[in-house]
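Letters are used for the chains, namely A, B, C and D, taken in the order the chains are written, and counting of residues starts over at 1 for each.
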Amino acid sequence: MKNQIQKIAVLTSGGDSPGMNAAIRAVVRACCFYKVECIGVFRGFQGLVEGDFEPLGARDVNYIINRGGTFLKSARSDAFRTVEGRQSAYRNLVDADIDALIIIGGDGSFKGGMTFNQEFNFPVITIPGTIDNDINGTTHTIGFDTALNTVMEAVDKIRDTASSHKRLFFVEVMGRDAGHIALNSGIGCGAEEIIIPEENLGMERLVETLKKSKASGKSSSIVIVAEGEKLGKNVFELADYVEKNLPEYDVRVSVLGHMQRGGAPSCFDRVLASRFGVKAVESLLEGKSNFMVGLINDQVVLTPLDKAVKGNSGIDWDLLRISDMISI
Amino acid sequence: MKNQIQKIAVLTSGGDSPGMNAAIRAVVRACCFYKVECIGVFRGFQGLVEGDFEPLGARDVNYIINRGGTFLKSARSDAFRTVEGRQSAYRNLVDADIDALIIIGGDGSFKGGMTFNQEFNFPVITIPGTIDNDINGTTHTIGFDTALNTVMEAVDKIRDTASSHKRLFFVEVMGRDAGHIALNSGIGCGAEEIIIPEENLGMERLVETLKKSKASGKSSSIVIVAEGEKLGKNVFELADYVEKNLPEYDVRVSVLGHMQRGGAPSCFDRVLASRFGVKAVESLLEGKSNFMVGLINDQVVLTPLDKAVKGNSGIDWDLLRISDMISI
Amino acid sequence: MKNQIQKIAVLTSGGDSPGMNAAIRAVVRACCFYKVECIGVFRGFQGLVEGDFEPLGARDVNYIINRGGTFLKSARSDAFRTVEGRQSAYRNLVDADIDALIIIGGDGSFKGGMTFNQEFNFPVITIPGTIDNDINGTTHTIGFDTALNTVMEAVDKIRDTASSHKRLFFVEVMGRDAGHIALNSGIGCGAEEIIIPEENLGMERLVETLKKSKASGKSSSIVIVAEGEKLGKNVFELADYVEKNLPEYDVRVSVLGHMQRGGAPSCFDRVLASRFGVKAVESLLEGKSNFMVGLINDQVVLTPLDKAVKGNSGIDWDLLRISDMISI
Amino acid sequence: MKNQIQKIAVLTSGGDSPGMNAAIRAVVRACCFYKVECIGVFRGFQGLVEGDFEPLGARDVNYIINRGGTFLKSARSDAFRTVEGRQSAYRNLVDADIDALIIIGGDGSFKGGMTFNQEFNFPVITIPGTIDNDINGTTHTIGFDTALNTVMEAVDKIRDTASSHKRLFFVEVMGRDAGHIALNSGIGCGAEEIIIPEENLGMERLVETLKKSKASGKSSSIVIVAEGEKLGKNVFELADYVEKNLPEYDVRVSVLGHMQRGGAPSCFDRVLASRFGVKAVESLLEGKSNFMVGLINDQVVLTPLDKAVKGNSGIDWDLLRISDMISI
């Protein structure tokens, strides 16, 4: 490691999330502020392996704060999973006089960054960018807030038609391993039931809730289901089961899908991404490495990378309790 | 038929669409203006059969112009398909001193209305409310414009993530028998290909287009598919076929589903619904019956109901040509 | 004029409107389709005078269909109002081997184009792009539909707070010389009164309407006012007058301003812009000149430029009648 | 005070904010859950004075979680500022067997609640509902997050037109005494400068920033100004000053106004309101009084009411530093 950081590379990796562009912009502009060069790496780790670099100046990130996706692109990289691939990446960085690397992405990308740091003692700081919010060391990942609003607005629309026809909708949202999106959007759209990986309700409980909901005079019902097999069933099987056991319900399924990953970022995510981007640059300049930038108690703080990748942040069980209470 | 219309009933039937509430509001307020009573019928034809009526005054339709769905609800009615059911409906109308009926809905609802009119010589005017835009005698149905924006905004979000990952998305939109939604939203979101029921491209053409799109340097592609089996394949089978034949593509599928039916209506739909609602009332007051209100050449006009229900309006083939030209 | 058009320039001029980028994209892509070169002129007529040109290929207009504003920029040009300026513009076009010019803008820009065509016999086709919808020869200008939705969504928000506090809001919208925005958005948001330049209601009528509205039990009122001095008063003076004469009202003013010009274009505007752009190119290739592309009876047609610039399209008086009827 | 709370009244007071309805819904549903009666008080303190009460059951708050404003209405109450008024309020509560009061509103409303509690020893819990976020004891007030998105989306639109014309816009946002909205939305929309009541930049600094911005090649600039007289000037005077001193800028002003208070609440605000509403009911049932519910370190906690009303929460100065750094 050189004494001083004079050139910083930034890449986005893994599933994209709204606000990644805002984070890149903050990294680039913070580099300008501190008179450090900034290099954009295209297509994540694959771009490292291939040396797909481009210098980024303050004007190159004009008008991207409001764009979904990532203009640096993201991609899977099988090459980076090999020693040879990572050696190629390291040579490319060294050849380009790059002193440090900022990785914007999720859990898997952080592990890649950690391995790279260990093998080559190359300074790495990571920024949590994923809609799933399933990262230790931060209460909010970039894109989570936007995804919640996207889901909620879609379900508000579904509620219109559900209530016009007195129907029951099963709506599948993202979050295979973490129920954050389902739980928060479920409360936000007043879902009658929320099914998340962290909790095994059992099918009887679901049927009971829906029976009660019908009895209470509700003219429509929404069940939010985090993707993946829940209770041993996917969302279509869940719907089938309920339709058979509660024939009074007219059941429909909607899988929201990839639109949850896109869209203009919310103000929350833009501000968060801006704070994270600046902090990442400043941490590198202070000689820090192998940390993730995160938000804890509304403060931007660092968490050692090995802690950040250890399982996800855990849901707020009190939210589940509140949802049960007020979705009657 | 009495000499004068003094009480008008209004119902919504079939799939709901954004703007139905705005149409109901216009009917109610126009009745107030002409000092005619207005009766809301709940749950479509089923509410006619059961006599589920409620008087509606000007204040009962406050703050509904901006709401998706229909506050009068909609429902299937097996009873109304029987002679006994329709007789019950007629008796309920007569018992309530109702002189005429306004039906807001689609093709199927219009046929029900036509039958009812023929059997009992009961004055009926219909208003086209469906997102599919598949009605003869009007260039725009209520809800179509809103649905286009809903689809387009969802696909704009999908484009963000598609372009970040250089992916190909097959997006299924509504319109089983009519390609209006697919065609217009497809142009609106710059889809590389649009697959509609009115045209049999053949799989080779699809594969050709996608090859050309890749060759031209596009970093992502969107194919909009109207729901239903197209080219002998559903959207998932289409995607599979392409993935096998174009392994260079990373393919994903998104089925937009019922969110397309909901949401706050666009200004276009609110204005259209307002014009249609007023015209329906005025037509009844002029002694007209058995007509559909529609928009032709930007004018609100009447079309005989039997013409309106005869097949759908046909797509604008020039749009398809334009789409092919500019989606390169 | 050469026998054949081989190079077409395109510029945007006057106030920008949502959908201009979609129109540019369609022009560029249609040129590609017909194997004609396309040149972008930056900053409107000023760019013509200065020769601020850049070739545009299919990939240069990626991802702009959904962007508000115009990436070619717009600007006032005093130089182009002079003979010398226009001569310079002509020389620049000739020097760059450009054979024809497409102008996207409003009334004022069309007059500039017409003068230029007359002076140099240079082929010109124009495309109506303005939120005001005040152009003869087209029922819809590019951006009008988007602006209606922008205004309506803003007023929907204002209605929330108006109704919570039982207030009366005067909301000023754009359209100094034409009431199209005020009239359509006014119906769309259920405004109690709409004040447009085409109609002189007189202050008494306004006061009467508001008295009636109060008496009818309404908990809030919205008056939409087209910008400019109406009834001899600006929107603040109107509000003052009403507050003095109807002390029972708690009056507020909101001037929506320039946000009305921006935003992602609606699907309607994107499709319209796409159709107009293609038609403009095809018209030039067919040897047409001095026409405006427009929409009449849902068909894209040409109108001689001198007719297009002769006063604006006139409001639909029936809309005003309907608004009065259903805003009770 | 009775031993047990069996009937709880809820009211909204002061300026409305998006999410108030969600908070009312949570209060009502939590009351149902704990088998406690819930009474809605209309028009804030004025409704207390007049006894404008209505029982609220679970179904009465259907479909309001997504609505801006407050269906219980809000109003100024001069009567409640008098001892007689408050005595009348107390009698009405006692006559209706109401045991406790939940007040949703801002600083001023909390002071009213505190006085009432002191005079009559009547149990009061308050919930912070204001877009201004200017309350001690909570990092977020209900409506703040929604208002940020509303402002940001409006400014994104203004940016479209600003950048098309290379203009400088002064945009006035709400927050007379607190710069939270200006600061966060300013970062979110990439504003070149943010002017807030907490900081006196001086006019020279503003002019310097704008000069630098121009020099750096920016094609448009946005200055966000918190309402009220800043630097001794209102937003129009600021704009005039800059136009005179920086004639190279084409300056415009936009005052966003009351639309900032309305609109469907964001997911963040709906979840926050739900948590606050439940906590308020549970606190009363635990015998607590004279507290405000708030969010600190992502936990819902209580703050003594006299602390909550003591000045506002203070801005995060680090945000200002970040804004300066990345808005270059």
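FYI, a residue touches a chain if its C-beta (ideal position, glycine included) is under 8 Å from a C-beta of that chain, and two chains touch if they have at least 3 such contacts.
From a predicted model like this one, the values you see are computed outputs, not experimental measurements.
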Original post:
With chain centres set to the mean of the C-alpha atoms, which chain is at the far end from subunit C?
Top reply: A
Original post:
Which whole number of Å gives the spacing of the CA centres of subunit B and subunit D?
Top reply: 39
Original post:
When the C-alpha atoms of subunit C and subunit D are each averaged to a single point, how far apart are the two points in Å?
Top reply: 35
Original post:
What is the distance, in whole Å, between the centres of subunit A and subunit D, each centre taken as the mean of its C-alpha atoms?
Top reply: 28
**OP:** Enumerate the residues of subunit A that touch no fewer than two other chains.
**Re:** 156, 159, 163, 219
Original post:
Name the touching chain pairs, would you?
Top reply: A-B, A-D, B-C, C-D
**OP:** Write out the stretch or stretches of subunit C touching subunit B in their complex.
**Re:** 25-26, 29-30, 32-33, 58-59, 62-63, 65-66, 139, 145, 148-149, 151-153, 156, 159, 163, 184-185, 187-190, 216-219, 264, 266-268, 270-271, 274-275, 277-278, 297-298, 300, 316, 318-319, 322-323, 325-328
**OP:** Enumerate the contact residues on subunit B facing subunit A in the complex.
**Re:** 12, 15-16, 18, 20, 67-70, 73-75, 150, 154-166, 169, 219, 252-263
